[in-house]
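Two complexes are shown next, each including chain A; its partner changes from chain B in the first to chain C in the second.
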Partner chain A sequence: MLHYYILAPFLAAAIFPFIYSDSRRLHAGWFVLPVPVVLFIILLQKLSVLISGDTIMQTVRWIPSLDVNLDFYLDGLSMLFVLLITGIGSLVVFYSIYYLDRTEQLKQFYVYLLLFMGSMLGVVLSDNVFVLYTFWEFTSISSFLLIGFWYKRKRSAYGAQKSMLITVMGGLSLLAGLIILTNITDTTSIRGMIAAQEDILNSGLFIPALLLVMTGAFTKSAQFPFHTWLPDAMEAPTPVSAYLHSATMVKAGLYLTARFSLIFSGTDAFFLLVTGIGLITLCAGSFLAVKQTDLKGVLAYSTISQLGMIMAMLGFGTGGAVLAAIFHIFNHATFKGSLFMVAGIVDHETGTRDIRRLGGLMSLMPVSATLAFIAAFSMAGVPLPILNGFLSKEMFFTASLKISQTTSLASAFADFVPFLAVFGSIFTFVYSMYLVFGTFSGKGNVKDLPKKPHEAPKGMLAAPAILVILVIIIGLMPNLISGSLLAPATEAVTGEKALVHLKFWHGVNIPLYMSLAVVIAGTLLFITLKKWQPLYGRIPSYASADRFYNGLLSVLTNGSKQLTNGYMTGSLRLYTMIILAFLTGAAGWFLWRTGGFAFSTSDLAPVTIPELIIGAVMLIAAIASVFMTHRIAAILVVGVVGYGLSLLFVFFRAPDLALTQLVVETITVGLFLLCFKHLPKLWPLNKTAGEKFFDLIVSLSTGTILTLIAISAHSSKWFDTISHYFVETSYTLGGGKNIVNVILVDMRGLDTLFEITVLGLAAIGIYIMIKLRTKGD
Partner chain B sequence: MSEWFEMVVWGCLVINCLSILFLLYRAIAGPSNPDRAVALDTIGINLIAITGIIAIILDSIHLNDVILLIGILTFIATVAIAKFLEKGDIIERDRD
Partner chain C sequence: MEIVMCILAGSLFAAGIYMLLQKQLLRVILGTALLSHGAHLFILTMGKLNRGAPPVLEKAAESYTDPLPQALILTSIVISFGVTSFLLVLAYRAYQTNHTDRMDELKGLEDE
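And then the complex of A and B:
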């Protein structure tokens, strides 16, 4: 059954464009809406299976020979994510019906969205690592398409490209890590790998595998220093930002970390990497969020920091921390989704998202303002019993105080973690307040806004309202989902039965003091915001990851351009030089390394004086031809070499070769003369002494290496020749006394056939080149 | 073959080869292209002689074709070069 759930969005994406074009009266979103809603309802019913402690596993064979099969597995963790994907997916589709105008390219939008939904379901349900990777890249591609939805805008194209490059880089690194894991454990199943955890931990490739897999997770979840794509992805339509870049896709990295934590956790490296990066991301993200002036920019950095917080909790390695992480994944999806939708409403109704221009919208848009305040307070962790964000933040503090100190590194770092947690949370508080108060309170200059603001339509408000109601319900009654959803998910991550009971009031303890400290310090900082915000201008621009990305990109493109221009100069001389130098170097190195040079004088024929003289003639003529300054002179001297060669054939008793050589030499001289009429006179090549010297080196070494190879080939005969066979059988089998000719047309006739073909082609080619040349050439 | 005959034959062969060597000097040194053309033509004639002597040494009739061919080809080559030097072209276009 699981396969159909994953297939359903893909099928819908395939069918939808055909259905939609037939009936244009309804908004396209209404046709898409049933898919996530029905999936959500069906999957919700599976919850009973999980509560009873079971899991669902289904397999369809795909590539059995490579052990790659469509294995899908539904446990608590997958369940949490599929419910988020389908649930928030439904709300986002509903919201987009009101958000996106009918004039937009709705067909494309919903096809991309459905593709994304299906691939995201595939990611969280796959048990086979390569299927997981396949869906992982599907999410990258569909996210790319959605970010670049308004492809005519330059910023959209830039953001789409950036997110594509970074997430695909991480995806490829993930693939490499998965291949290493598969090689170590000899299985492609995640659960098989968990079972073989000992092998992985004892393998020498453990650290590379961990780094590669976690790079994939960090890039997808926008962790430091790969977070830089997420703020630029805000060029996407707001429903996309709400869905992909807050609730689902950016959590794929968290899912991966959680899913693989049974393999990696408990090691120093995992703790250091995940907690370290998570805390850095938390602090840097929340700190930078205050700097932003764009509503969605604040939300993007806020998402980064919240994801860092969850990532850090996954690294803590205690059951309580995992529970807090899972709980916060859920909570973050609810309040961040609603905040994005509200930001979209504000943008939609006022025409701007710039906080500096906004303000005082509370009386004009009371419903949106209420929703935003509740969601933002939840995000800030304000200690109110109706906010789920406070509960998970409290659990975060608790977890940060009780880090699993099984490893030496963990105990060394444990003391710093609570301080970093508080630091990040203070700025979380500041930007949350900045976000809502900056937008909705104060005076504001309503007349300057591009549009006259008024309350959004009810349909648009419905989706964020549902999410905010969820925030309140979970805040009031957290145990509503603790037993059914959070416990199985925690169990899936830690591998141990989790006893979950959430309550709002823990009594007066350290986490509460931490929360209060956050609120007090945050309030103070927020009130004095105007005074210290200019400090952000002092942050040197070279310290930003964005600048690093752009610099790297231009270094790469310019570097490869320069590299290519460096050797692809269009000069045939250089190409020939490279080819010859490489040939000489490779052949020489290889022969030297393998001891291939051999020199034997045992098998040499006697040399006569006439042969020596002819050899000397050819040598002198060949050398002289290089120094000729006139074309005719050069060709005539080369002709001497050709005639000398034919004479050598005569000396060595090869009359057929001598005949052919003579004819070919004469024709070649004639052909050269034919061309000379059209060629200019030889001009002196103005080469520097260095170039000449280099040419000399290359040509001398090429000649030397070829001579050495020829001598070695003659000196090391491994087999007897087969020529005696031709001598014996040329008359009995071939019926001819001329052995050369019998070989050419009988024994090895096929070669002759193709040499005839070559000549024919050359003739046709010449004819075509002369006859069909374009005028002016 | 008698000893004297063999000595004469080898002597001729060496002399012919030396003659080619000297002709090579003319072919390289020039000074004009007609000089080189004549040198190449004479080299061809020496080739005929050498091939003939080698045919005697090898006591073979199979090189006779080569002798005839060299005769024809050196003639053709020399005519072509001469025509080129004279007119700057070998095959003239029809002018009708």
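And then the complex of A and C:
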């Protein structure tokens, strides 16, 4: 059945455009909505299977010879993601019905969205690594299409290209890592790899595999330094930002890390890489979020930092940390999804997302404001019993205090990690407050806004309201999902049976002090925000990843352009020189390396004077032809070489050759003379000494190499000639006494046929060249 | 004799390549002619020189020179003749159209 769930969105995407064009009265989203809703309900029923400790595994053969099959596997971790994808998917589709105008290209929008949904389901359900990779790239492509939805806007195209380049770069690195893992373990199944963990850890390729796989996860989940695509992806329509760039796709990297942590976790390298990058991302993301002036910009950096926090917890690797990570994945999806939707509402109702222009919307949009406040307080981790964000944040603090249990390396850092966690959380608090108070409180110039703001329609408010209600319910009764959803998911990541009981009040302990410190410091910083926010202007621009990305891109394009322009000069002389230099170098190197040069005087014909004289004349003529400055002289000198050759043919007992050469040489010389009447005079070589020198070097070395090859080929004959067969059978089989002619027309007649064709083609070509004139000739 | 002919063929190659590297279209074509002469001599030399009678059957002869390279060269001569004449006419037309036979001026337009 799992296959049908994944297939359903793809099928819907294929059928939907045909259905929709027939009935235009309803918004297209209503046709799409049933798909995620039905999937969500069906999958919700599978929860009972997981609670009882079972998993679901199904296989369909795809490429059995390569061990690539559509193996789908549903365990606690997949379940969490599947429910997020279909659940938030339903809400986003519902929201987009009210958000997107009928004049938009809805058909494309929903086809892309369905493609994305299907591929995301494929990512989290695949057990076969190559199927996983296939769906992984599908999500990159559909995300690219969605970001570039308003393709006429320059920023959209730029953001789409950027996200594509970065995530596909990570995807390819993931593929390399998966291939390494497959080679080590000889299986393509993730569970098979987990079973063969020992082999992977003991393999010399462990570190490269870890790095490559994690690069894939980091790029997808917008971790430092690959986070730079996410803020630019905010050019997408807001439902897309809410769905892809907060709740689902950016968590694919977290899913991958969690999925592979049974293989990698517990090693120093994994801890250092994942926790290190996660903490850097947490701190940098939350710090930079305060700098933003765009609502969605703040949310993008906030997503980056929250993802960093979850990544760091996955890096801790303890049971408590993994539980906190899983819990926070769920919580983040609820509050961040609703915040994006509220940001979309504000944009929709006021016409701007610029915080500097917004303010004082609380009385005009009370419902949106309430939703935003609850979600943002949850994001900030304000210690109230109705906010799920506080629970997971405190679990994060608890986990950060216990990392010394994990690996030896971890204990070395154990003293610093809690401080970094608090630092990141303080700024999280600041930007959360900045976000909601900046938008909804204060005076604000309502008249200056592009639109006259008023409360959004109920349909648009429904989706964020549902998410915020979830925030409160989970905040009040966290154990509602602890046994059914969180425990199986934690179990799938750590491999151990997890007993989960969440409660709001842990007594007065260090994490509580940390939370209080965050709230106090955060409040102080927020109140004084106006005084220190200008400091962001002092951050040197070369320190930004964005600038690095643009610089790298222009270095690559300009560099390759310069490189290509460097050797693709359009000069035949240079190309010939490169070809010949390579030929000479390769042949010479090979001859030298293999000791291929041979010189034997054992089987030589005697040297006779007439032949020597002819040879000498030819040599002189060939050299002289180079220096000829008169055209007739040049033709005649080259003709001397040809006639000399035909004389040599006579001496070497090749009568047919001599005859042909004589005739051909005569015609060629005649042709040259004919043509030269219409051609310019030869002009002096007038080349610089350097050019002459290079010409000389190239021609002499090529000539030398060819001579050496000729001599060694002649000196080392390994087989006797086959010509005695031709001699014996020329008359008996061919019926002719002239052996060369019998070979030409009888034994190897096919050569002759095509040689005639060549002549015919040359003749036709010449005729066309002379006759065919373009205009202006 | 074979060694001498090898050196001669190599020299023809060197001269041909030197012509090939010049900046005038005509010299390039003359260079290809020299190159093909060198190649033909090369093939003939590889089949051993002067071992027996010309490859025409007669009762008196005991052995014949190798007929196979001769057949190959014969084919090659004709083909290189076809190519050379084609190139010549091409050069003629190129000169007519472009009014130059300098290779460095035959580079196409700047914006191509």
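The working rule: the second predicted complex is superposed on the first by the 770 of 777 C-alpha atoms of A that agree within 3 Å, B and C clash if a C-alpha of one lies under 4 Å from a C-alpha of the other, contacts with A are read in each partner's own complex, and residues count from 1 in each chain.
By definition in this document, contacts are C-beta pairs under 8 Å (C-beta built on N, C-alpha and C of every residue); 3 or more make two chains touch, one makes a residue touch a chain.
Keep in mind that this is a model prediction, so the values were computed, not measured.
J.: Is A:632 in contact with chain B, with chain C, with both, or with neither (first, second, both, neither)?
T.: A:632 sits against chain B, while chain C stays out of touch.
J.: Tell me which partner A:605 touches in the superposition: chain B (first), chain C (second), both or neither.
T.: Once the two structures are laid over each other on A, A:605 reaches chain C alone.
J.: Where does A:154 make contact in the superposed view: on chain B (first), on chain C (second), on both, or on neither?
T.: Neither chain B nor chain C is touched by A:154.
J.: For A:706 in the superposed arrangement: first (chain B), second (chain C), both or neither?
T.: A:706 sits against chain C, while chain B stays out of touch.
J.: Is A:748 contacted by the first partner chain B, the second partner chain C, both or neither?
T.: A:748 contacts chain C only, not chain B.
J.: Is A:443 contacted by the first partner chain B, the second partner chain C, both or neither?
T.: It touches nothing on chain B or chain C.
J.: Counting only touches as set out at the top, which of chain B and chain C does A:666 meet: first, second, both, neither?
T.: first
J.: Identify the partner contact of A:655: answer first if only chain B is touched, second if only chain C is, both if each is, neither if none is.
T.: both
J.: For chain A, which residues belong to both interfaces, chain B and chain C?
T.: Shared contact residues on chain A (touching chain B in one complex, chain C in the other): 651, 653, 655, 676.
J.: Can you name the residues of chain B that touch chain A in the complex?
T.: 13-14, 16-18, 20-21, 24, 27-28, 30, 33, 36-37, 39-40, 43-44, 47, 50-51, 54, 58, 60, 62-63, 65-66, 69-70, 73, 76-77, 80-81, 84-85, 88-91
J.: Spell out the part of chain A that touches chain B in their complex, as residue ranges.
T.: 609-610, 613-614, 616-617, 620-621, 624, 630, 632-633, 636-637, 639-640, 643-644, 646-647, 650-651, 653, 655, 658-659, 662-663, 666, 669-670, 673-674, 676-677
J.: Looking at the complex, which residues from chain A come into contact with chain C?
T.: 570-573, 576-577, 580, 601, 603-608, 611-612, 615, 618-619, 622-623, 625-626, 631, 634-635, 638, 641-642, 645, 648-649, 651-657, 660-661, 664, 667-668, 671-672, 675-676, 678-680, 682-683, 685, 687, 695-696, 698-700, 702-704, 706-707, 710-711, 713-714, 721-723, 726-727, 730-731, 737-740, 743-744, 748, 751-752, 755, 758-759, 761-763, 765-766, 769-770, 777
J.: Using the touch definition from the top, list the residues of chain C that touch chain A in their complex.
T.: Interface residues on the chain C side: 1-24, 26-28, 30, 33-34, 37-38, 40-42, 44-58, 64-68, 70-71, 73-75, 77-79, 81-86, 88-93, 95-97, 101, 103-104, 107-108.
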